[in-house]
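You will see chain A twice below: alongside chain B first, and alongside chain C after that.
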Partner chain A sequence: MAKLKGRGVAAVNYPTGMNLGGDPSQALIHATTTGSFVVTLSSVDLGQGLKTVIAQIAAETLGIPYDSVMIDTADTDTGPHCMGTFASRGTHRIGNAVIMAAREAREVMLNVAATELEVDAADLVTDGKGRIHVNGAPDKGIGVLDVALAAHFKHGNTISGRGIFLKPKSTPVPETGEMDPDSCQAHACTIAEVEVDDETGVVRVLKLTNGYEVGRAMNPALAHQQIVGGAWMGISHALYETTEPYYPDRAHGPLDFSEYLMPGPADLAEMESVIIERPASNGPYGAKGIGEMTANSPIPAIANAIFDACGVRVTSLPITPEKVLRGLDALQAVNPV
Partner chain B sequence: MKGSVVSITLNGVERETLVAPGTTLLNLLREHQSLTGTRRGCDQGSCGSCTVLVDGKAKLACLIPVETIAGSRVETVENLALNNELHPLQQAFVEGFATQCGFCTSGMIMAAKGLLSVNPRPSRADVIRAISGNVCRCTGYESIVDAILAAAAGMGKPLKKSA
Partner chain C sequence: METIDTSFFTEERAGSFNTVGTSTERADARGHVTGRTQFYEDVSFPNTLHLKMVRSTKHHALIKKLDVAPAMKVPGVVRVLTWKDVPNNWYTILKLIGVGPDDEPVLAEDRVRFIGEQICAVLAETPQAAAEGAKRVKVVYEELPPVFDVEEAMTSKPFTNHGSNYYIYEGHNCRRIRFGDVETAFKQADHILECRYNSAPIEHAPTETTGCVVKPEGNGRYTIYSNTQALYFTLDNTALILGVQFNKLRMIGGTVGGGFGGKVDVIVEPIATLGAMLTNRPVKYAYSRAEEMQVSSPRAAERFYIKDGIMKDGRIFARKITLYVDAGAYCRHSTYGTTKAAAHMPGPYTIPNVHVDAYCVYTNRTPSSAMRGFGVTIADFALESQMDQIARLLKMDPIEFRLKNAYRDGDMKAHRKEVEGAALVEVLQAAAKQSGQKLSSEFLAMSSYGWGSANGKA
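Moving on, here comes the complex of A and B:
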């Protein structure tokens, strides 16, 4: 009886977004009288950091401080349309829609500033700190707040913009099956190191070393958060989670969360991750989707590491101690020690 | 069945409440006191989202009938930030990106506070043990463990002013 160590590697391509029957997300932006900008979306931030990243994208495109952007995702009934945050599409689709909306709003903002300053709008630049000035002449300028006030109360103008990103419907070519299902592809590679107890069949993940190619990490801290949480979910899918352990037989399925296995804080693997940036030409500032991919590459890497450790090839998830022990028994039957 | 009047000290203020038999502390907090920072996750003691301190110890509010803790001190996450200044644990969670969807966060923080009150210099293993009853679906726990250790390391020092 021994604890057997093994190492496995796996790499995945992961599509950003999906085709559906045409896949749009919309964004609306308008300036308030306080010089802040509201981005209205129907997209949902459920903890992945969408609001933060979208505010960064809007601020960058408008040329105003991050703190001046408010993200309103209040209501999917009344907001502009969004297909949803799935298929790792949020940053890419909504980010592109926001860039389009922000460009239109920026143009109006610069036109109002040009009128106030009595200069040509084409000569104006934003300093990203809340001021608009003539390129090369920082003194000849006006604050964004004053521009917003002038637009509202003097010019009767709305500083606003509309944006949409649409991935058009793509139909497969009947002869070849060829189609254009996604917008770009992100990439992930994981090396898993595991320890298999050949007496109990229990697998412990010792270390995950991950490389994730995400186009552009819009917010490196949030990207890292997704990677760590996603890799943990990968361990969970590989070794723990199932609603039907003896599918299609419903016996022994968990009925509530006290019976639904997931790794806890004591089951953490040592983790080392690097982000590689190869910007996508159609991504907002080059970004691709990262979300789901982070959970994908650890799963086959762990399965391969188990094979490396003890020679057992398990082809269904999760790889439970029972499956490992049955695999070891089968090997034993073929090659008795 | 008749209700009974139970007195508990809730976040430093003594309160008498009329509760129906079997009312859980979680129901008292959320439904009677509008203290919704304490989360209702599984309602059966397996997720840790409703963790509060009862007489300084981390307990699951969903499993405690209020009548059984008459006279106790109960502390919830709402009591942590004083004078608009975050508690060092809260600050460490913010700075360490230890929260994503946020549903488990208050339970995690209260479990950690229970640990630090008896063990101000915990090891990594101590922290993992203290939050082992708390489920998080987003973070993979690493950032939470790191944040609790960072808060413990910083709690002897004066509070950091935010920039």
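Moving on, here comes the complex of A and C:
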């Protein structure tokens, strides 16, 4: 009876967006009288932090502080169209739409500021802290608040912008499968270390060492959240979960969390991850979608580590203790101790 | 938290930003941890009716008799909706982008095709009365033989309404990828490695189960408070099913307690909205945990057969993949997921000969649909397990073996899209570095910038 250790590797890519029928999302932006900006969407935040990242992108492009931006979503009476939050598309699609809308609004904002300052708008820059000034002359400037007030009450301008991102429809060629379904690819590599108990068949994931390429980590804390959550989901898929334990037999489906097995907090492996960035040419500030990908590479890495540990190749998910034990029995039948 | 290793793609990633790249606190974090965030279920209205669905208890059966009268006798039960109440009972989710046919009924008509299929909806003053009413509805079935195995389903008698137990892609019984000539390449290969991989269905297991509350506004419009992942998908399909003008419906959502793809189907909103229209009262339809586990779409079970032709020098020369995606009883998003799976083949590697047949197959189980990694997660399990087996066959280090086959800028993928922005080489190098594994100089010098080019770490 022994606890056998093993190491396994897996590497994956993951598409950002997946288009069959055209994949658009829209954004509208307007300034309030007092220089806050409202981004109006019909997009959904699943808990991954879409509202946060979209506000960061709007603030970056407008050149104003993050806390001057409000996200107004999701009401179909007011929010322009969004396909939805899936296919790792949210940051990419909606981010691009917001950049387009923010550029239009920024242009109006700078034109009003130029009129107020009696300078050329092309000479103006934003400091990201709420002021607009002549490039190289920080004293020759005006606050965004005053620009917004002047636009509304003096000049009759709307500081606003409209944005859309569309990945056009790509119809696969039936004979060859030629198609252009996605916008870019994110990448991941996981090295898993596991311990297999050869008496019980129980697998413990000791450590996951990961490399992730995400285009640009727009908000490293949110990327961290995806990475840890995804790794947990990967461990869970690899070793625990199914709604049909005897698939394709339909019986014994779990009905609640006492029957549907998942790892608890104590089962989460030690994680050591590194992010690298190769900005996507078509991504907002180079961002790619990483939401889905983070769950994928741990699964085969764990399967490969189990083989490395005990010589059992389990080719069906989930890799339950029963499958590991049956594999060990089969090995012993071939090579009796 | 993770470090960002700026030694990779240094020039490409250069730039100065104010807010992009900073760890701003999540906008909803404090609301979530203090319980103040408003989810759809935090909205409630007086006089709300609760909807309980009567579901099939058979895998595959004819409905010989449906008697709702006993339910109506339960105090508090107001109405029972059957398929006869649904204006356009047959639909398919992706019809707005031209995918057909309409293969799924909102409520079952003369037959059921999986355990848990919606048959009729009991509307009552309380959840308890609705549940009691649902229990008393009498359904008389005549059982039909079910099919559960994807390969058996390919040749068994069709149980769908469109004449085959598989989806037809422009005249083909599968989504095809054809690149090079695998059969000739297999004859030239030094090694052949074949293996079968498969998976069982998985539940999204969100904290918040799927649901909605629909409120008649008194002006002919209906507001749907929902935790859908896609407001317009839901709005448009609901309007089509109910045969109402799109602008009679208003969706409010945007805050979801876990999606993972499980809230992309359009199941609860059409029937709850119909209930609100026919009773002129608010209607709530929320899945129980058991419904979320067994009735809401899981990740499809998949079955892969992979055959690889490999050269002694470590290059994969040909890869043939046959994939069966278990769509369950109805299509939902599975046709799309199967195409996504096909486009993902043969993984992030440059292989000159690739042949993929990806079948989207119907069986008598809960329809599967979108889930995190749709079409890709199980494929990666199969592909990367296969890669491990090949590395062992060749006695090569698993990272170096992958580096040798990694796709790079300018390569042609099997679906004839040129690779750009590749970074597989670099994530392999970064993970090796992080784990303390020393790669030889040949592998350290590789980059995604192309086959002959210098190290991309400029």
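Heads up, the rule we're going with is that the second predicted complex is superposed on the first by the 331 of 337 C-alpha atoms of A that agree within 3 Å, B and C clash if a C-alpha of one lies under 4 Å from a C-alpha of the other, contacts with A are read in each partner's own complex, and residues count from 1 in each chain.
As a convention for this text, a residue touches a chain if its C-beta (ideal position, glycine included) is under 8 Å from a C-beta of that chain, and two chains touch if they have at least 3 such contacts.
The model shown is predicted, which means the values in this text are computed figures rather than measured ones.
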Does chain B (first) or chain C (second) touch A:L222, or do both, or does neither? both
Give one of first, second, both or neither to describe whether A:A231 is in contact with chain B, with chain C, with both, or with none. first
Is A:A59 touching the first partner chain B, the second partner chain C, both, or neither of them? second
Who does A:S258 touch here: chain B (first), chain C (second), both, or neither? first
Answer with first, second, both or neither: which of chain B and chain C does A:T158 touch in the superposed model? neither
Taking the superposition as given, does A:T34 touch the first partner, chain B, the second, chain C, both, or neither? neither
Return first, second, both or neither, reflecting whether A:A266 touches chain B, chain C, both chains, or no partner chain. first
As a test of reading the superposition: which chain, chain B or chain C, is in touch with more residues of chain A? C
First, second, both or neither for A:Q332, with chain B first and chain C second: neither
Where on chain A do the contacts from chain B and from chain C line up? 46-47, 49, 221-222, 224-225, 233, 256-257, 262
Sites on chain B touched by chain A in the complex: 41-42, 44-47, 97, 99-102, 128-129, 131-132, 134-135, 137-145
Looking at the complex, which residues from chain A come into contact with chain B? 46-49, 221-222, 224-225, 228-233, 256-258, 262, 264-266, 268, 271
Residue set of chain A touching chain C in the complex reads 8-15, 18, 20-22, 42-47, 49, 51-52, 55-57, 59-60, 63, 65-66, 71, 73-77, 79, 81-87, 128, 169, 172, 174-182, 184-185, 187-191, 209-213, 215-225, 227, 233, 237-238, 241-245, 247-250, 253-257, 260, 262, 272-281, 285-286, 291-293, 295-297, 299-301, 303-304, 307, 313, 315-318
